[in-house]
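Take this structure, written in structure tokens, and hold onto it; I'll ask about it next.
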């Protein structure tokens, strides 16, 4: 499983990420063409359906990221492997980014549809609460401690947070009197047809590719920064030992 | 085809903010990766 | 040599309650704080326009939520202040016992605080109480849930720097469903709102059980493996 | 910067006997990101009384906390009472006693409540706790007093009593003589000698060379996170 460095490639890229990167760019161009040009406005939603082509992929990717964080956290506490700790943290960061975008897109959609940026709409509320939950996760990871404590503490938060997702969903749905079951993908309108449906799924696919590409890079950055920290530690140890030679 | 209306502004905002945010984040990650890979010796630059 | 989980939990809970008995921090500081919040809400919301009556349940649970973060903070400050937590980690008490003991002591203290605050609400906000069975169920389950999540995050932040400001950031979003369910459940119980009454109780039960189980499991890595 | 092993370790290796109570090899331990131990070597035979000597911030306290399984060793190796701390960090905790800078007691509880709680937490009884208080010369009139209102020396006696009641195999003492009056120091020395005589190992840290040196069998200098 060890990808050693090909000499020509710099930074955190590898042949696999290059392919993913190219696919992402092609995909985004195709998404612009299909989502903004080819596909028609919706009968019910009007032009606002075009926001869904951004909204649905970002929220789906964010939830996928948090599931990875949760699974990574469980495996980290079980196996204590650096890989899962760093993967969990990388996924959480990307998840927070996409969750932030989801909230922003939701507000844009709200402004058009309701005339206001914010309404106590269940999805928006749930997303915001969970967004802050995962900001807490990232804040905890940024507090300097030793690797093991950082890993343990953030894994616990990763697990607590993912258990909280369905509970928060249910609570907020019922709170707003929304009693029918709804999934993450419920915003993909089942009435969508033809190029609309195609654009929706194209958006989902493209963002999944982007997510994979980002996650690989982000993980490698995390991995490298641990190695760099190891070098920093060696220097710190040398400095610490030198304290003795003065006296 | 997207009709040009006041609605367009918010739709464009959603798309542009999403694209730009992901772009900036990706650029930051790549840049950070390049910086770090210069600090880290060759033999440590494998991922797992 | 080692104690059973239940015996250890009882020991820890008794110890925490004994500390409260001597120091009276919950009684002399948290309770007046909670009362003060109830009164300040009234100022902020203008009591003459019966907003208070309609918002009673929400204000009550918000107050409880704030007070409970103080209680969690206090519960772990006594452990960290003089390094007593280290003594506990060196003793034979299992991590699960420490968790269950901490939770039990928190639950007992919070229930007393809630009872007095409820009395305050009844007087200050002129609330008619009713639907006792459901009120009791809602209160008990949300208190257990808050205490379980609080005890886990309480010990977690005690391992980190900036712990006192970190705790509310981590704990309050996690407790959002408890706030919603406890508020709505109480409103239904008080007859202020029609609704699927027991589904809120069920949700609170799911929350409480989930975080009790998670706490029992996750205290081990937090206390023993680091 | 490699340090030679202290001489006793060689003689230990030649004579077959019990594992050393403490064996640190190039141990690195972090406080946050600061390497409090920077490749520390230390060997303590069972039954020995060893004094760690060094200036403030040398890493003495961290050595004690590592040996108690409270601070993880991130590089090098650490074995305490036969337990490999890098594999099982907490495995040794129940078998050691630590009297640290902070008392490790509950300030709001009384002397007796503290002693009894920690005794019971280790599966012992009320009378074990009372015996330990007695052994440490804690006056009966202090029993119902809250620990936070005790003097430093009295508090230290209670901490010792809480540790003593658990009959640890390895005693880890941070500045044990500080805050004690002359007669209490004599008591403590006698206690340490008796403990070592009964097979326990004592590892203590001090910057007070004059006093703690008397009872110690061997002194190890610690500076800059390493032993010299």
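The first chain written gets the first letter, and so on, giving A, B, C and D; residue counts start at 1 in each chain.
Assume contacts are C-beta pairs under 8 Å (C-beta built on N, C-alpha and C of every residue); 3 or more make two chains touch, one makes a residue touch a chain.
Not measured: the values here are computed from a predicted model.
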Most central chain, judged by mean Cα position vs. mean of all protein Cα atoms, is C
Contact tally winner between A-B and C-D is A-B
Between subunit B and subunit D, the Cα-mean centres are separated in Å by 53
Distance between the CA centroids of subunit A and subunit B (whole Å) is 12
Expressed in whole Å, how far the mean CA point of subunit C lies from that of subunit D is 37
CA centroids of subunit B and subunit C: separation to the nearest Å works out as 41
In subunit A, the residues touching two or more other chains are 144-145, 148
Residue numbers in subunit B touching two or more further chains are none
The positions of subunit D in contact with two or more other chains are 32, 72
Every chain pair meeting the touch definition is listed as A-B, A-C, A-D, C-D
Given the complex, residues on subunit B that touch subunit A span 1-3, 5, 7-8, 10-11, 13-15, 17-19, 21-22, 25-26, 29-30, 32-34, 36-37, 39-40, 42, 44-48
The subunit A residues in contact with subunit B across the complex are 1-5, 10-13, 28, 32, 35-38, 40-41, 46-48, 50-51, 54-55, 58, 83, 94, 97, 100-101, 104-105, 108-109, 111-112, 210, 213-214, 217-221, 223-225, 227-228, 230-231
The subunit A residues in contact with subunit D across the complex are 144-148, 229, 232-233, 236-238, 240-245, 247
Touching subunit A in the complex, subunit C uses residues 149, 152-153, 156, 159-162, 166, 169-170, 173-174, 176-177, 180-181, 184, 196, 199-200, 203, 206-207, 210-211, 214, 218, 221-222, 225-226
Given the complex, residues on subunit C that touch subunit D span 1-3, 8, 11, 15, 18-19, 22-23, 78, 81-84, 86-93, 161, 224-226
